[in-house]
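Structures are listed in the sections that come next.
Common to both upcoming complexes is chain A, partnered first by chain B, then by chain C.
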Partner chain A sequence: SSNGSGGPRRLSRALPFGRSHGRLGVSSSGRLIVPAPSSQEKADPQKTAFLLRKAWTLYSVTPLYRFRRGRLRDYARLLGAFIAAEKQKGLAVEVGVELDIKVALSSLADLRGSELDQDALLVQLSSRSQASSKNSEDKVVWSGWFCSVFGDDLSENVPEHFTCLPLFLTHGAESYTSLVGSWFQKTFDCCFRRLAISPLNLSWMVAMWAGCKLDRAASAVELVFSVPRLAQPLDISYAIHPEDAKALWDTVQKTPGEITQEEVDVFMDCLYAHFHRHFKIHLSAAKLVKVSTGIASAQCDGIVKILHSQYLPGVLMLLTELAISQIQ
Partner chain B sequence: MDETVAEYIRRTVLKIPRDEIKMMLQKWGFLSEAQLQTLNFHQIKDSISQEVVQLCEENSADIKQAAALDIIYNHIYQNKRMWSVYEMKKSGEEVEYFDITDFKKRFKRRLQSTLKNVTITFKEYEDNAIWIRVAWGTPYKKPNQYKPSYVVYHSQTPYVFISASVLKSNLPLLCQALIGATNYHDIREMELRSHCLNSLKDIVFKRYSQNFQTHTAKPLQGEDVEPENADKRIVQENRSEKERIHRLNQEVFGTGPQPKLEFAQYKLETSFKSDPKMDVLHKKEPFRCLVKFSSPHLLESLKSLAPAGMADAPLSPLLTCIPHKARNYFKIKEKKGLYPESFVSP
Partner chain C sequence: MAVLRPFDKLPTLNSGILLLVGPDEALQQRLSETILQEKRDFNINVHLATSLPLPPERDHLRPRIDLIVFMIDIKSKYSLKKVERSLAHVDASFFLGKVCFLVTGVGRVNACSVEMNAVCKLGEAYCSPVLFCELELEDTRVATAQRLVRMLRICAGHIPGVSALSFVSLMRKSDDD
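And now, the complex of A and B:
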């Protein structure tokens, strides 16, 4: 089912704080428990540093059939051969320099939420230009990783032999994404779809992230709206000082660690009202296309950037949920 | 001919779209008609520019001529650059006779007395506009011809339009030279920026159709084709609302085409006022925001918001005042007392 529209979405989570029923942006009774910022022992910041400050393109992935964790080296070899073969066929990915692509697959144990989540899977394509010497370092030209953070809704109900890693994030040329995606599709009979993020979900994100505590000077809480259907399209960027955005959210949120649809609506209505008071424009009638805070930024076409390792699990949990909604 | 001059001419020609090269070289007038005849304009641009450089070599072009070609290019493609507007201030009310030769001499002298390594080029255009190109060097380096500043001065007005190069530090020198060359004693930057130079001129010279306060009670005749509707009352109500919006829009925006701006920016330092029922933030300190509107044609876009149902009519004066306040950067503070007409923009 698509984001934000009707249809039942059961989302029960086994969280450290106890069971709750959370729905991302559906009914007014929806409630989400926000995981606390991760403590150091859970995730090694070194290992996850590569995730930060990069723009990741998001996809939902259906469960992988007969994926074996022990065969990562074999898979890497097969994927490498597939890419080489496709290049021979003339589906060259890079114009000019002849690149020798090396494939590496690895597991990331730190990127999961519950006991049911599988370890994340990282795919990296590196190139060593044939012109350069043997000692030159490989350069990573494309990265993609599959993960599941509190994706219990999917994992709980999966039949045998299936591995659930519903969220796929890529960084690098689209042509490589295509190649890697095709190989996984063929090999594990799964299906990839670009993840769209609706204005409703973007508003959840900005409300959640605006409320997060950041120790040092944070960047503004920015909402970008688009009014495309005019003769001359209009974009509106509405950026709020992070302290003031947090102060507003703190008076809206009733229970710490818990967010409801109603609270998100009130927060957004406050922002719309403040805007209307000045400009007499109904911002609620425009399309929210991007939100950006000191924690992370997200765009409606499914591109995110995570800036703070402390809140990584929370962001990934949200995105996992969106991916699962898109699959179901 | 100096190698650097040759290279500069070559690169300038390369920037020009192929089917405009001949026209621009003719405007330039440095190569004779006979020389232009020898050029093959149907080959690739790389070759055309090489041939042009050859001909310039024959004529012994120097940096002055090369700079003149650059002005011509930038005059035609003026909208590729971002322009800021400056206003000069006079102490007295005297209207002086403007002597262009005197202006150029004083400008050059003023600038060169501070910085020897500059290339200064002038070109006059029909609309009383004087274009000045300045390439900047340092006491130890020759001027960088690839990052010049452009100044457009309309001598009958106190306004100067500047497209500065990346080196912002040269702006004060430029400003001082302008004051020194004219009889103004001060210059300040206005909060007005755009790519469209003509629109900036329209705004400061008040050449656009302005809002008029007359209320025309005359309803629109036959402009919209009303759809067939059984209930005549609904149609009438829609129509009168549409007319009301149209009329109010005309009052604030005027009937003519709007000057072309690409953005407007508002720094809001007003307080957050909420509905007391909502039990949310209510404090005296400002709710600090930065709002930026962008569009290929901002004012036309804003004008279409109310008819599209996206905004109230009349639109907020914060937006409609842009042309007549001649600014698109604002800082808005709360005025003590009245609400909602309570915004002060310094």
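And now, the complex of A and C:
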């Protein structure tokens, strides 16, 4: 809904995490209902373990046209052929070693929120070096997955033959990402865009995640700010003990399971005031670029790392929401 | 005195006095330069302040202010806080069309730290128009300067039959959901 890097011709007044028509309980006042942490019986943690502790680069994807769940093997074959052809053309993907790329596409039924959500789609590129023996293990060189968690706002209004999986996460070389992306764009007439996370959205994330209960000792809650327009760029890192952060959030949040913009503002203002009292620096004038908690971490250029499987649906729900608002 | 009042001094002949209030001095400087480059048939004085109240020592030298523009940068929560605190130092009668809020930096929504709803609510609470602009680009900066000069002309009383009160009556919500 906005043209961030280009000219400011179109003004955007998008609300983060919610539009004026109610969605998952989000009203125009910007209230968010957080899903409870998933119970272990429903989701198999083994299947989703590979998602944790990796830095995923985020993209928003428009709905895929005529994507057929039953044709995953065919798609894998076609994508493999496409990658091989591009390599032939001289688009070097890996300098040095000649690699044979094998493509695997699979569905992940556990990563969805509502009934309208489609199963997540996992794409993995693995290689077997031609020098090694035939019995050696394939090494995954690149993975990407499409998902939608409570993406009802998009799924409800989509016409026939379209599949909605608005969030795309990648891990691996950028060259492979662009190859896979261009194949999907050509085959399903969709559009990929890097997902940027504004400081406003990052402050929502840190408020939500700092308030989550973690059974074992969690890492510190960290906020990284960059100070604009100085001769030498300055980064400020503000680390808070996780129990202090949770205690602060508990005094701010009025209704458990529900978060409002006012509560996020109060939480952030307390942190800023505390910092100002000690260092006489107004963090509210700086740009929040990264937030890090025991649950997950997120950066403004659209890179996230999820650390805890229990809160995976909640994090994915936020990211799906961001992706959808970037598409619309 | 600590509070700005709109009619406690005599007006300056054939002039319009504009006061820009906001913590970003460099941006204020650039905007005021663009305003002063506008073709006009009356004198314009632009006063700059990072916050209110203005220093009382120079009050007797200061002319009557016709229009106050509060500048809020959506990339800086601090600018919103500073403006909110400065509003307390403006007399209520100023808010009859002689105040407007200028929200800058809207070309970069991905760097947004201020919630748009909060700014719009501020405009509604103080019955003053909220203008959105991007001052980093010359075209929109010139367009914004032109708009402000037109508003200043009305607020200074140079347009017969149109007073600053007209702005208040034009403050209807255009997208009533």
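Details
Heads up, the rule we're going with is that the second predicted complex is superposed on the first by the 301 of 328 C-alpha atoms of A that agree within 3 Å, B and C clash if a C-alpha of one lies under 4 Å from a C-alpha of the other, contacts with A are read in each partner's own complex, and residues count from 1 in each chain.
FYI, a residue touches a chain if its C-beta (ideal position, glycine included) is under 8 Å from a C-beta of that chain, and two chains touch if they have at least 3 such contacts.
In this text the structure is predicted, and so the values were computed from the model without any measurement.
Residue contacts after overlaying the shared chain place A:104 against neither chain B nor chain C. Residue contacts after overlaying the shared chain place A:277 against chain B, while chain C stays out of touching range. Of the two partner chains placed by the overlay, neither chain B nor chain C lies in contact with A:78.
In the superposition on chain A, A:247 makes contact with chain B only, not with chain C.
Within the superposed three-chain model, A:237 lies in touch with chain B and out of touch with chain C [touch as defined at top]. Contacts of A:196 after superposition on the shared chain: chain C is touched, whereas chain B is not.
When the shared chain is aligned, chain B and chain C each come close enough to touch A:229.
Once the two complexes are laid over each other on the shared chain, residue contacts for A:173 go to neither chain B nor chain C. In the superposition on chain A, contact is made by A:288 with chain C only, not with chain B. Note: residues 229, 282, 285 of chain A belong to the chain B contact set and to the chain C contact set alike, using the contact criterion stated above.
Interface residues of chain B facing chain A in the complex, by the touch rule stated above, are 266, 268, 270, 272-275, 278-281, 283, 286-298, 300-302, 304-305, 308-312, 314-316, 318-319, 332, 340, 343. Of all residues in chain A, only 2, 4, 7-8, 11-16, 20, 28-30, 196-200, 203, 228-229, 261, 265, 268, 272, 282, 284-285, 287-288, 300 touch chain C in the complex they form. Chain A makes touch with chain B in their complex at residues 220, 227, 229-241, 244, 247-248, 251-252, 266, 269-270, 273-275, 277-282, 285-286.
Listing the residues of chain C that touch chain A in their complex gives 23, 26, 75-79, 81, 106-118, 132, 134, 137, 140, 177.
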